[in-house]
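Just so it is clear, A, B, C and D label the chains in written order, and each chain counts residues from 1 on its own.
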Amino acid sequence: MPGPTIEQLAAQIPDGARIAVPPDYSGVAMELTRAMIRRGVRNLHLVCVPISGLQADLLIGAGCVGTLETSAVTLGEYGGAPRFAAGLKRGAFKMMDATCPAVHAAIQAAGKGLPFMPLRGLLGSDLLKNRPDWQVIDNPFAAEKDPIVLLPAIRPDIAVFHAPFADRNGNVFIGRRRELVAMAHASAMSLVTVEEIRDVDLLSSEESAAGTLTAAYIGDIAVAPRGAWPVKLWDIYDYDDAHMRQYVEVSRSDEGFARYLADFVYQRQAAE
Amino acid sequence: MPGPTIEQLAAQIPDGARIAVPPDYSGVAMELTRAMIRRGVRNLHLVCVPISGLQADLLIGAGCVGTLETSAVTLGEYGGAPRFAAGLKRGAFKMMDATCPAVHAAIQAAGKGLPFMPLRGLLGSDLLKNRPDWQVIDNPFAAEKDPIVLLPAIRPDIAVFHAPFADRNGNVFIGRRRELVAMAHASAMSLVTVEEIRDVDLLSSEESAAGTLTAAYIGDIAVAPRGAWPVKLWDIYDYDDAHMRQYVEVSRSDEGFARYLADFVYQRQAAE
Amino acid sequence: MDYSRQELLITTIARLLAGCRLVATGASSPIPGAGALLARALSGGRMRVNVLGSIRNDFLCDGGVELFDLAGQGRLDAFFLGGGQIDGQANINLVGAGSAYPQNDVRWPGSFGSGYLYYLVPRVILFREEHTRRVLVPQVDFISAAGPTGEAIYRPGGPIGLLTNLCWFSFDRTRRRFRLESVHRGHSVEEVRDNTGFDFDCPDHVPETASPDAATLQLLRGRIAAEIGETYPRFVAQVFPDSVAAAQ
Amino acid sequence: MDYSRQELLITTIARLLAGCRLVATGASSPIPGAGALLARALSGGRMRVNVLGSIRNDFLCDGGVELFDLAGQGRLDAFFLGGGQIDGQANINLVGAGSAYPQNDVRWPGSFGSGYLYYLVPRVILFREEHTRRVLVPQVDFISAAGPTGEAIYRPGGPIGLLTNLCWFSFDRTRRRFRLESVHRGHSVEEVRDNTGFDFDCPDHVPETASPDAATLQLLRGRIAAEIGETYPRFVAQVFPDSVAAAQ
């Protein structure tokens, strides 16, 4: 039977949803992101685990984001994320700046059903000062005074990512990208796009099972060849260098970004 | 170059060391355990992550254990662990009864360098009552009163386990047995025995790397073919059924257990 | 169709699991494992079952901790716990009995995951075949995991009841009492009372535990026996000898 | 032998890492990466180096969180941090400058792991090539990670100093001040002073930063250029054009 379409996946993400997305090196569901913009999703609480790039910049620029929780938004060697910076300056969304292990820890807390997780560091920083949702307690196991930060669990409604392949039973190969496992465990469900479905059973050998996210966590899977484009996917394909340079160039202005959306996001729908 | 011998690994475990060992299904370093008994190690703080079987029973019976921290000691379908029960009755060691996820959580805390980790459950149990090292705090994120247990991190000196193979660079294949990863991360170092060294590089492919414990955590590796005997190793070999039955039978009495040690632990040394 | 004691227990368990989406069974649990696999077969594909020790029916990929994480996430709907002792407030003891802990007269393996799962899993089925006053006591000697206490703690989980060789008790978490719901064929309320060390609620009329129908028995003796036989071959050889013979 | 600015920075970094057992570098860090690989080559096999983005020099198998876990365990000896602003108390700012947070005039990507690693890693090397009053300010506008404050907190980590295109400052964690240790060839104490927005200690005589010797330069231009070129080919093409030509 044919799986769901990308548009059907996008339709499962309601306005106001808290969604977790991975960094570029883990596999970003860009094709699905474009479908989310086309569907006009609004007021997302976007949790970057622990950072994001083009995906966050597009969603912010298209007005889909109400709250952004991240340790960074960057286009890496292509430079700063222009819509992120512009959106911040005009106060277009609520910003929750974090540090990478804090996002990981809060996601892991949700994956264990814990209300919070402690984390070292952060004391004396303006990150801590601007996060009223974080608390400092005195470590009850220390003989001397020993303040430590507690982070409330982050429980996303939906984890969204792209992976090389799923097997015929809906298990997804994630290799060493264990942040994807953590995101899926923490989230009520996961929507996954893959390059392809392979007619294998990932659970059938110890070696392949070790790099597998088991189907029990996954709500739906859609096939999207080159679904991370123009972002890279692992060592399978690299950034579309020319496209990324073009993006950074045109997205400096509101008009340029609108043109980009018309050409590379809405265009596609018209053609279908 | 030839690797270290089992006896050389055993010599690296000092009296009084806190050592972490895995359950039977993860890979138990039984050959190394026998070498530890031969070397006469004393006063171990044995942390079972989260339970143990023959390994704990042998170490207890041979007088190597000063403190036992575990969620269970059982020989599974072969019955109760006779030396564990006998040692407890005569107060031969300090007992720290736990529940499986509490041991996992405390080990994970150490793997993150955290002083403690919260855990749900446990309230109203005699486990909690008998663990003065565990504390109950009021969840500071809850609007209403919400008591929750905090477990101090368990930081073993040495993690000890047996795996199917290591690669030429000292990386160890652990498959889905992620409790081995957690133990190694939490411990100051790991001593590992393997069925064999393979002339491959486990980090060279995403698939094999996903099931690998990287060499950075490992102190030393010794080759021990059938090193888990008479315990099973994954789906590679099963329990030695006749031997396990014999063990349970003879180990009911102090004299029988002494004979078992003479025949199956010290004997070996004499033959070498 | 006639059925064995084990077949009644398995089909009763399957009925108790109806509507679950994810069920797991622990170590040395052939009857709960068979019950869960039967419930899955009857669920029309809506139930996942993880049988500890199985290869074909174990979908966990994240090590020994994943079962507990699933419970913490609220994804694990049902689990089975037993106990060397179980008391009338549904406290369970997997540690030891007699004299003072830790130097008990009898020592059992230990609490395993009970001190956590009993609090987190919504539908815990207490399962202990032996129904005697030795096991079902007024008060356990050691609480591995506490029955619901009425205190305001975070506790989405707890026992729904207790299944033994004689009967099925439901458990009322508010009143903190067991209630005798049905007695297995060939046994009586009196027998239950004589062999139970704690007080329990007992309606005037206690029905007989529902017998499995022919279709269910056929499913159990065929496909389910084969499925659970992967993990528990000796159990299947003993309880479903015809099934084994047919497969050979 | 003559050497470039980058070569001096790389060899200086390698010297600062001597004795480390485990060093990691973060994103977009070709000079720290090359410095770490050079230090490894000079360590006689005693140092492990993890280069983020590398395939051949990345030994982590436990996902993005492992680097932070390593730091928490105390296994990570050295790391590199930069900042859009760095002040005289070694506070670093990777978030933004001007106007009120979060609506800063200039916004940078964000704090990444700095809010944690700066506190945990014993030997943090602050590395920022640009040495201007725009970057080296009296007080940062936002503290992504705080310099040592003297307060009694758990803090095994912190900055050992700051390396720029002009000089190497050490940092005294007790006195909470930078100290000018050496000025790179071709630059002067006055130039450092003119371009630094914060006060720092300055001895009467400030030596020139040690030049790399011929053997080290040879190692760097050969083996190390090849090693770092796997992850940063454009950097190597620009800084070690001869090395690239030789390989082709």
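The rule is short, and it goes like this: contacts are C-beta pairs under 8 Å (C-beta built on N, C-alpha and C of every residue); 3 or more make two chains touch, one makes a residue touch a chain.
What you see is a predicted model; the values in this text were computed from it and never measured.
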Chains contacting each of subunit A and subunit C, listed by label: B
Chain-contact steps, minimal, separating subunit C from subunit B: 1
Chain pair with more C-beta contacts, B-D versus A-D: A-D
Centroid-based (C-alpha) most distant chain relative to subunit D: C
Distance from subunit D to subunit A - Cα centre to Cα centre, in angstrom: 29
Subunit A and subunit B: spacing of chain centres that average the CA atoms, whole Å: 37
Distance between the centres, which are taken as Cα means, of subunit D and subunit B, whole angstrom: 40
Centre-to-centre distance between subunit D and subunit C (centres being mean Cα positions), rounded to whole Å: 59
Contacts with 2+ other chains: residues of subunit B: 112-114, 119-120, 139, 146, 148, 176, 181, 209-210, 235
Two or more partner chains touched - positions in subunit C: 60-62, 68, 72, 120, 154
Touching pairs among all chains present in the structure: A-B, A-C, A-D, B-C, B-D
Touching residues (chain side subunit D, partner subunit B) in the complex: 22, 48, 58-62, 68-75, 120
Of subunit C, residues touching subunit B in the complex: 27-28, 53, 55, 60-65, 68, 72, 94-96, 101-105, 107-120, 142-146, 149, 151-154
Touching residues on subunit A, where the partner in the complex is subunit C: 110-115, 171, 181, 185-186, 203, 209-210, 212-216
Residues of subunit B touching subunit C in the complex: 23, 25-26, 50-51, 70-74, 76-77, 80-81, 84-85, 88-91, 95, 97-102, 104, 108, 119-128, 130, 139, 144-148, 176-182, 235
Touching residues on subunit A, where the partner in the complex is subunit B: 105, 112-120, 135, 137, 139-142, 146, 148, 150, 152, 173-176, 206-211, 234-235
